[in-house]
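Look for chain A in each of the two complexes below; its partner is chain B in the first and chain C in the second.
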Partner chain A sequence: MTDFFQLVFSGMATGSIYALAALGFTLLWQASGTINFAQGEFVMLPAFVMLAFATFGAPMPVAFALTCVVAVAILGWAFKRGIADPLLRFGLMPIVVATIGLAIAARNGIRAGYSAEAHPFPSLFADKLFNIAGVTITLADVGTLVFALLLVVGTQAFLARTVTGRAMQAVAQNTESATVLGINVPRMIFYTFAINAVLACAAALLVTPTYLAKFDMGESLGTKAFFAAIIGGFNNSRGALLGGIIVGVSENLAAAYISPAYKDAVALVIFMVVILFKPQGLLGKKVERKV
Partner chain B sequence: MNLFRRTFVTTACALALAGPGLAQAQAIKIAGLYELSGAGATSGTNFKDGVALAVKEINAAGGIMGKQIEHSISDTQSNPGVAKGLTTKAVDDNVIAIMGPVFSGSIMVSMAESRRAEVPNIVGGEAAAITKQGNPYVFRTSFTQETAMPKVARYLANNLKAKNVAVIFVNNDFGKGGRDAITKALTDVGIKVIADISTESGQIDFSAPVLKAKGANADALFAYTNEEESARLLRELRKQGYNKPVVGETTLTGQKVIELAGDSANGAVGHVGLTVDAPNPLMLKFKAKFYQEYKYFCDHNGIKGYTGVYMLKAAIEKAGKLDRKAIATALHGLKLTAAKTPGVILDVAIDDKGDLDRESYLVEVKGGKQEVKEVLPALGQK
Partner chain C sequence: MKKTPLLIAALVLLLLLAVPPFLKNYGIYLFSYWLVFVIATMGLNLTIGYAGQKSLRHAAFFGIGAYTVAILMKAGFSFWFGLPVAMLGCFVIGLALGAPALRVQTIYLAFATLGFNTAVWLVMRNEEWLTGGTFGINNIARPGLLGLSLNAALPYYYFVLAMTVLLGALLWKLLSSPWGKAFRALRDNPIRAESLGVNIQAYTLLSFAIGAVYAGIAGALFASLVEFIEPAPFAVGTSIMMYLMVVVGGAGYFFGPLLGSAVGVLLPEWLRFAQGWYLFAFGTAVVMLMLWLPDGLLSIPDRLKARRHAREASAARTAAASKVGAQT
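Entry: the complex of A and B
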């Protein structure tokens, strides 16, 4: 039985990372109708930028802060102005294809331009182990889970309680009315991209110690985050958290109780089941098509 | 035409035809096929640098039989298809021998070409299947898994006194070949494999395999995965408090793994055929020379490339002529001692299949470095 709890807990820690990436996905979709298939690379790039700052001597917190600034500028503003804005008016497909291309470019840029090998990444948490009733938990596991939860809850609180947040929600629900009401729609959309960039940085900080900084670390992460977002509900932020945890835990359980070879298939199977029976996701609300 | 002009034209034609022949007689052409990009970039680059260093040394000392070596370098991109094409091109270029590739997947494809063209092919791969195809033109620069695993099994039986072992392996050609070889070797020394745990290439989360290994409660764990996965596995083992001995082969205790796993690598024991930290004066000299030339410490692939060239040189000198078939025949059954041929660093014997027999090392990771615990003699010496 302790094995089961061990697997569940490890899975929750991994799942909370998927949840962070998935949250960015859902926010971008809700606020601007952008589906970003480069989300995994959005986590990989800050990881390398943090490593770069660290090699220049910056301590981790400073490197993280600097990376957030860089990420907001590039993954937020430049992405929005360069890709999202020009292509959105042509519908969804161009943006999807463009982000897929962006992902490939980012991956190969790092692979050829920097290094094809994996690099160690310092962990935010000290290397401590707790043993609770036979289940071994690292400080990193607990810390990741708590940190991710705080971020998700914090983002939700920001969106629900602050004026800016509510303005962003208004933009997401009905762009025309928001404009009429005097909300600066482009700026609100930019804030969404900026929040996505910061969440990606946080995900990088939490996940790279385990994943190891490598050019292809974003590939599987991005795909799992996408599944997590769909499973949980593409138009609900709490859904992202739930979806992430479900994917993380079921992967671990499948690897142990079914077969390690089918680990990656589990997320896909749950994804298909959810799409077939509850297409809006577990926590999502049915959305009528806007005409 | 008058006599003068006829003689002139005839001489000119004769020289033109003999020209390429003359040029070839001036240099020994060796084609280098290396993974310089893709998944094998580290291995291929190390191997290439080892070869280049050996070529430089040999040319400075007068070459082979008075002729300089011409070493051409190509990138297989870790792609077997590209490797095959480059092999064909090398054959068309009329080379004496081909060095590389390193990745077993590429070798399986390219060695068919070198066999067809009857060109000696000195490779850096470790998969057992390479020398099982009856190809008389392929030669290794490192152990096959079938030579290495019995040594590991001997260590597990004699030193660790293990009665049963759990095996964790990666589900690719390299890992499966290794798992088959170690299972056979362990059975031969009377040790039971009580857990056979497969993992995927690129796997991130090792909590399930480690749980299974813990549950099996074996006397020791044999871990055979690629470098990054080994690092993650070691971390998970430490996290879950696994306290039985962890033994590996070549990859588990590599420098990259130590770098990626940090403190979790301490205590891991591995059998390695080649390490720059071997307590051997020739090896240490090589380590320094390599560092001076390239400013980094090479891994086992650099040693493979370097010694491979010297093996080829010895074979050419034994054959006495630049005839590929003769060189291949000379390589089979060749026994080289480090005393007479310092370039091979360690005494080596090549058998009729192209496999090597050489001493090897048992290293333990201590304080973030490989420490040689024991020198294991060549199997032929018992």
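Entry: the complex of A and C
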């Protein structure tokens, strides 16, 4: 039984990282209808940028802050202006394909331009173990979970309590009426892209110590983020957290109790069941189709 | 005007017949590889481009076709028995698994199909007794046809080419029949189509099933082309690539898959001169292409036409304006 709790807890820690990527993903979708197939790469790139800053001697918090700035400029502003804005009015297909192309370019650009090897990444947290009622918990897991939860809750609070956040929600719900109300829609959408970039940086900071910095680390991460977003609810930001934790815990439990080969299958089954019977996700609201 | 596509098709066919004998073996192999993907993406174009169903599991059917033929041939059956079995299998599974499309649409459908692809891939990788797991199945023989051996690269290429033309002609026939109109109606406005008496459930399922059959045939040809299969080429990544090929070529354009597969299969090879950077160059090229032509390569003629119309209209406007100006 202690094993079980241990697995659940470390699954929650991993899951909360998926939740960060998933949250950015759902925010982009809600605000602008962008489906980002390069979401995993959006986590991979900051990991390498942080490494680069770190090799120039910047301490980790400084490297993280600098990376956030770079990410907001490139993964936020440039991505929005260069790819999302021109393509969104042509529907879903071009933006999906363009982000697929972007993912291929990012992955192979890093492989060719930096390295094809996996690079170790300094952990934020000291290597320490806790023992609570026989359950061993690492400080890294606790720290990751707390940090990720703070970020998700913080984003939530920002969206729900500040004027800017509420304006962003208004844009997500109904772009036209938001315009009529005098909300600067393009700016709100940019904020969403910026938040997505920062969340991706945070996910990179938390996940890379265990995943290692590698050019293809984004591939599985992106898929997990999709799964988490769908399970939780694609048009609901709270859902991302629930979805992420479900995916993280279920893959841990499946690897231990079913078979490591089918580790990803349990999340997949949950995902399929959710999408078929409650496509709006566990916490999402139903959207009627329109003529 | 209606003659032009036929003329282009004939010209392309002539090139495809005449060029390969001058190529080295690897070149012929690439051409065959390309045509296999043309067949697969023709099916996907039906599902995505004509019927408007977002599908990201085409590689699963591609794999089911390949594994069916490979396993049956290892069990001692001929290719010509395996191919119909693969087609039937893909049709039935495609029909049964088109069901999610009746419940969910657009991006949700894309993710549901992506999940199915992952499931199929997991089975291929883990059920070693059936599929050989990551070791795959090797020494898959090439089929013979009417006593002719298709073992060498060139005869097999012509065989694949003949299949491509045959399947292309069938698809053309299908699309110009009332079925084709029903598929398009389904894409453009499902609710309107339903109110006009189109059985949208049946057509949605059929668009998946027929698309799946094309993927199955392509998979069967792929298995005996490369003579060795393992789970990797049938993972989600390939589905995404096939989706990319259809959109880049021009979703809903009949010849879209021909160009799109060329971009997906041949372009990376041409970019090999960039060495380690070639996939980076490829990804960048895809992004650029989408920014330039969001509706795909085959939207160029439409775009030129639209521009000409705009120019004529503005010329007519200026002429009318000057006439009015002269009168007053």
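What we mean here is this: the second predicted complex is superposed on the first by the 288 of 291 C-alpha atoms of A that agree within 3 Å, B and C clash if a C-alpha of one lies under 4 Å from a C-alpha of the other, contacts with A are read in each partner's own complex, and residues count from 1 in each chain.
Basically, contacts are C-beta pairs under 8 Å (C-beta built on N, C-alpha and C of every residue); 3 or more make two chains touch, one makes a residue touch a chain.
All figures in this text were calculated on a predicted structure; none of them were measured in a lab.
Trainee: Mind checking the superposed model to see whether chain B and chain C fit together on chain A or clash?
Mentor: fit
Trainee: Based on the superposed arrangement, let me know which partner A:157 touches: chain B (first), chain C (second), both, or neither?
Mentor: Touch status of A:157: no partner.
Trainee: Which partner chains sit in contact with A:117 here, chain B, chain C, both or neither? Use first/second/both/neither.
Mentor: first
Trainee: Examine A:251 and indicate which partner it touches, taking first as chain B and second as chain C; both and neither are also allowed.
Mentor: first
Trainee: Look at A:261 in the shared chain and tell me whether it touches chain B only, chain C only, both, or neither; answer first, second, both or neither.
Mentor: Both partners.
Trainee: Taking the superposition on A as described, I'd like to know which of chain B and chain C A:181 touches: first, second, both or neither.
Mentor: In the superposed model, A:181 contacts neither chain B nor chain C.
Trainee: Quick check for you: in the superposed arrangement, does A:73 touch first (chain B), second (chain C), both or neither?
Mentor: In the superposition, A:73 contacts neither chain B nor chain C.
Trainee: Tell me which partner touches more residues of chain A in the superposed arrangement, chain B or chain C.
Mentor: After superposing on chain A, more of chain A is contacted by C.
Trainee: Between chain B (first) and chain C (second), which does A:214 come into contact with in this model arrangement: first, second, both, or neither?
Mentor: Only chain B; A:214 stays clear of chain C.
Trainee: For A:272, is the partner it touches chain B (first), chain C (second), both, or none of the two (neither)?
Mentor: A:272: touches chain C, not chain B.
Trainee: With chain A at the apex, figure out the C-alpha centre angle toward chain B and chain C and round it to a multiple of 10 degrees.
Mentor: Vertex chain A, arms to chain B and chain C: 70 degrees.
Trainee: If you've got the overlay open, could you tell me the nearest Cα approach between chain B and chain C in whole angstrom?
Mentor: For chain B and chain C in the superposition, the minimum C-alpha gap reads 7 Å.
Trainee: So which positions on chain A get touched by both chain B and chain C?
Mentor: Overlap of chain B and chain C footprints on chain A: residues 112, 261, 264.
Trainee: Please output the residues of chain C touching chain A within their complex, sorted ascending.
Mentor: Per the touch definition, chain C meets chain A at residues 48, 54, 100, 103-108, 110-112, 114-116, 118-119, 122, 125-126, 189, 191-192, 236-237, 240, 243-244, 247-248, 251, 275-280, 282-287, 289-291, 294-295.
Trainee: In their shared complex, at which residues does chain A touch chain C?
Mentor: Listed in rising order, the residues of chain A that touch chain C are 29, 35, 37, 82-83, 86-87, 90, 92-98, 100-109, 111-113, 219, 223, 226-227, 230, 234, 259, 261-262, 264-265, 268, 271-272, 275-276, 279, 289, 291.
Trainee: Can you list the chain B residues touching chain A in their complex?
Mentor: Within the complex, chain B contacts chain A at residues 37-39, 41-42, 171, 197-200, 202-205, 207-209, 211-212, 215, 227-228, 231-232, 235, 239-241, 256, 259-260, 262-263.
Trainee: What residues of chain A sit close enough to touch chain B in their complex?
Mentor: 3, 6-7, 10, 14, 112, 116-120, 127, 129, 131, 136, 138, 210-212, 214, 216, 220, 251-252, 255-256, 260-261, 263-264
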